[in-house]
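Residue numbering begins at 1 within each chain, and the chains themselves are lettered A, B, C and D in the order written.
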Amino acid sequence: MKERLDEQAMALRVAREFKDGMIINLGFGIPTLAANFIPEDIEVIFHAENGCLGYGPMPRTVEEEDFHLVNATGTFATPRPGMCFFDHAESFSMIRGRHIDLCVLGGLQVSEKGDLANWATGVGRPGNIGGAMDLAFGAHHLIAVMTHTTKNNEPKVLKECTYPLTAPRCVNLIVTDISVIEVTPDGLLLKETAPGWTAADVQALTEPGLKISKDLKQMEL
Amino acid sequence: MINKVVAGFDEAVADIFNGAVIFMGGFGPANGTPSNLLRALAKQGAKNLTLIANTPGYGRSAPGAKAFRKTLPNYDDGGLLIQTGQVKKVICAFPGMNRPGMTAPLHEKWQTGELEVEMVPQGTLAERIRAAKAGIGAFFIPTGAGTVMEQGKEKRVIDGREHILEYPLKADFALVRAYRADRYGNLVYQGTSRNFNPVMAGAAKVTIVEVDELVELGSLSPEVIVTPGIYVDRIAVRENGKKGA
Amino acid sequence: MKERLDEQAMALRVAREFKDGMIINLGFGIPTLAANFIPEDIEVIFHAENGCLGYGPMPRTVEEEDFHLVNATGTFATPRPGMCFFDHAESFSMIRGRHIDLCVLGGLQVSEKGDLANWATGVGRPGNIGGAMDLAFGAHHLIAVMTHTTKNNEPKVLKECTYPLTAPRCVNLIVTDISVIEVTPDGLLLKETAPGWTAADVQALTEPGLKISKDLKQMEL
Amino acid sequence: MINKVVAGFDEAVADIFNGAVIFMGGFGPANGTPSNLLRALAKQGAKNLTLIANTPGYGRSAPGAKAFRKTLPNYDDGGLLIQTGQVKKVICAFPGMNRPGMTAPLHEKWQTGELEVEMVPQGTLAERIRAAKAGIGAFFIPTGAGTVMEQGKEKRVIDGREHILEYPLKADFALVRAYRADRYGNLVYQGTSRNFNPVMAGAAKVTIVEVDELVELGSLSPEVIVTPGIYVDRIAVRENGKKGA
């Protein structure tokens, strides 16, 4: 079996999309890891739904842990010059008002139209919507990052999502453990494959048809 | 003379009645949760409560159960009121995880049908609470259009985009956690413990605040007050100040 | 001709309505003067639409004048312990959200139903709505203070306002230079007359019929 | 590196185009008005502007005319742009007084039909600007129902009270005046000079801020920042700092 990217590698690939000056919101899981791979020559500002812009990395010691400084995933963060705090209404004005340049969310399913499902499977549990729906509707640019298939090797990039939607037509870029796919008005465009994977390999694990980019390349990691 | 300080937490929550709708500030197990007010309400015993909060919380862990997050000593959250059976309905954005070996009272009572859970996207939750405070009758937003969140809601296309109509979320009492207060009820917070607290303060009929410290009138700079005293009805001061949750 | 109250006396009568702990907004003109007559044993907090709660009296010297501390009528105020600043959206959330206990506005006309007209005569000028409409709709309790008649001795308390309304059915109490009149669901109730004025004198200068309070008394000044 | 500071006021307003819609902060002749940005815009000459402000202002008094209020040296307001003929429409809550002997360009141009004036109640003005910033498509409020302000607006009874539907007020540029800024665009204000400035910052496509002082990143406490830098695009620093209007 071909080797898939691990979470760190996916996070690294996501971080390549960070540009100087961007306001970025990172969701739970792999997206949060992307903060460890900010290109050295740029400055970005992270937004936390719970009312913080410009927080720094996780503390390295227990002594640095401050219960008054956590990010939206509930984990401790550290102060950084230029940081500021605000309340939840203001925080989501930033999101709903389209002031967030880039949001990275985990995905359960993404459709060929860019619909995202990432908060509930629709059965057995109420699910946890959190701020995901607000972000999916509000962010200027949305990256969905996820394994390309389920544990049973079934596609998660689908013609139509079967789980409850987070938002319709919101995903701009899909980063998976085997590919990078752009959502375009004409459908899904395969732009990169993981080392050792061909376009055909990726297509075989993807429900809708993929257009292949003229500049198709191997993911640089 | 204006003095909103009450004798203690028990006095602060004494008139919360059966069937009351309660806002609770805070964002998960970090600070910003009014733990002492919640304990006092558990003791007071009011029933059939509706709890509106971003994250109701996990309550007190059973012996040996693993906690979802690290918490401060003496931390209590809205999960406590679910465990005591005082809550009939939760309106929230994040019901919480439900993993093997974890204590998750919301999920347990939801599965047995003892608890109703209504999910609201986090920003819509904040804006609906703000609407109650700001006298907005209803508002159109894109968030949720084309998803299950639009069910039962009026839809309208504005500027080429689908919107849904949301109404204010109103409550009888707001339980708020702040850092410092003066006797007028002016409040400041600390870091991300601010979260829903300033939004809820003033959005309920009665706003009750748990603070670390009461300070002299005039000692909070007028430039840095986050919640103006106009939104606050009662202040209860923690005996141990900043220590503990 | 009988003597009417001057502006200071009207302001004094208005200030009798101030109760301990009230949040009060005072409009342009006579209402602003009422701040000089706060009963000594109570504490009230003044709200200014331009983003201040708890400001103090006008400065006594030019040196005390601070261009960063003016009230909503544009005049200089002074700092007071417990004061705070906020922006216009927050300030009018307080008003629209019914957090202001008492508002005192000047009036051009008041109807027997409590309609207030105080911002425009409807001809020749655009008028100045300012925050008056928001206050008339939002305040818990509204006092209109004005001379009882126009310069031509025509009634300003009318069956129907002829000028553009500030808000319908918003006035709770009318304080004039000859009377104090409560707006009740059953119509206007004359509660006080100025020294030397009878109920009949006041009625003669008032268009709608006045009910006379059983406790009708002379205004205490 | 993020650095929103531009070379000067002329550079800050250089791309304001003919027909642009402009928010202007401030509340009457007191401080909080971006006088230097307005002077630069007068010099730049963009025409057919729509000016949205609480109080457009009186412009420069004719020699011998009495001023409505005391002002600081070098004070200029939106009235200057009305005097230069750059404004075709004003949307405001307070057009200003028009008394004999006073300079009142808004009234003069309104009477001759050269200027359109649209009146919006002050709180509705603030909330409509906030709606543009916060992504609210439209909102129902009681203010104005049963008055001339309801003309042409959708009405609806909510909770037994008449409401009218208001839409966001959008703009191309916001001209904002603050006290201190850091290079991220985080802002603090002074006293009642705050007023409409934080509401407008971020509500226009481009937000341009005039500040007294640029300070080192990190020197503004994260607890006291009023306008987060996310809402700011350009900062122009006054040479004379706090001196003058």
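In this text, a residue touches a chain if its C-beta (ideal position, glycine included) is under 8 Å from a C-beta of that chain, and two chains touch if they have at least 3 such contacts.
Here the structure is a predicted model, which is why all the values come from computation and not from measurement.
S.K.: Per the definition at the top, count C-beta pairs in contact and tell me whether B-C or C-D has more.
M.R.: Counting C-beta pairs in contact, C-D comes out ahead.
S.K.: Could you tell me the distance, in whole angstrom, between the mean C-alpha positions of subunit B and subunit D?
M.R.: Computed from C-alpha means, the inter-chain centre distance equals 35 Å.
S.K.: In whole angstrom, what separates the CA-based centres of subunit A and subunit B?
M.R.: Taking the mean C-alpha position of each chain, the two centres sit 29 Å apart.
S.K.: At least two partner chains per residue is the criterion; list those residues in subunit D.
M.R.: 127, 130, 134-136, 141-142, 189-191, 222-223
S.K.: Quick one: which residues in subunit C touch 2 or more of the other chains?
M.R.: 52, 85-86, 92, 95-96, 138
S.K.: Classify the chain contact graph as line, ring, star, complete or other.
M.R.: Topology of the interface graph: other, matching no listed pattern.
S.K.: Where do chains touch, given as pairs?
M.R.: Pairs satisfying the touch definition: A-B, A-D, B-C, B-D, C-D.
S.K.: Which part of subunit C faces subunit D closely enough to touch in the complex?
M.R.: Residues 48-52, 65-71, 74, 85-89, 91-92, 95-96, 125-134, 137-138, 164-168.
S.K.: Help me check something: in the complex, which residues belonging to subunit A touch subunit D?
M.R.: 20-21, 23, 43, 45, 47, 52-54, 79, 81-86, 90, 92-99, 138
S.K.: In the complex, go through subunit B and note every residue touching subunit C.
M.R.: 1-2, 130, 132-136, 182-184, 186, 202, 217-218, 220, 222-223, 225, 228-231
S.K.: What part of subunit B is in contact with subunit D in the complex they form?
M.R.: Answer in residue numbers: 127, 131, 134-142, 156, 158-159, 161, 163, 167, 188-191, 221-224.
S.K.: Where on subunit B is subunit A touching in the complex?
M.R.: 27-32, 54, 69-70, 72, 93-98, 107, 110, 117, 119-127, 129-130, 141-149, 189-199, 226, 245
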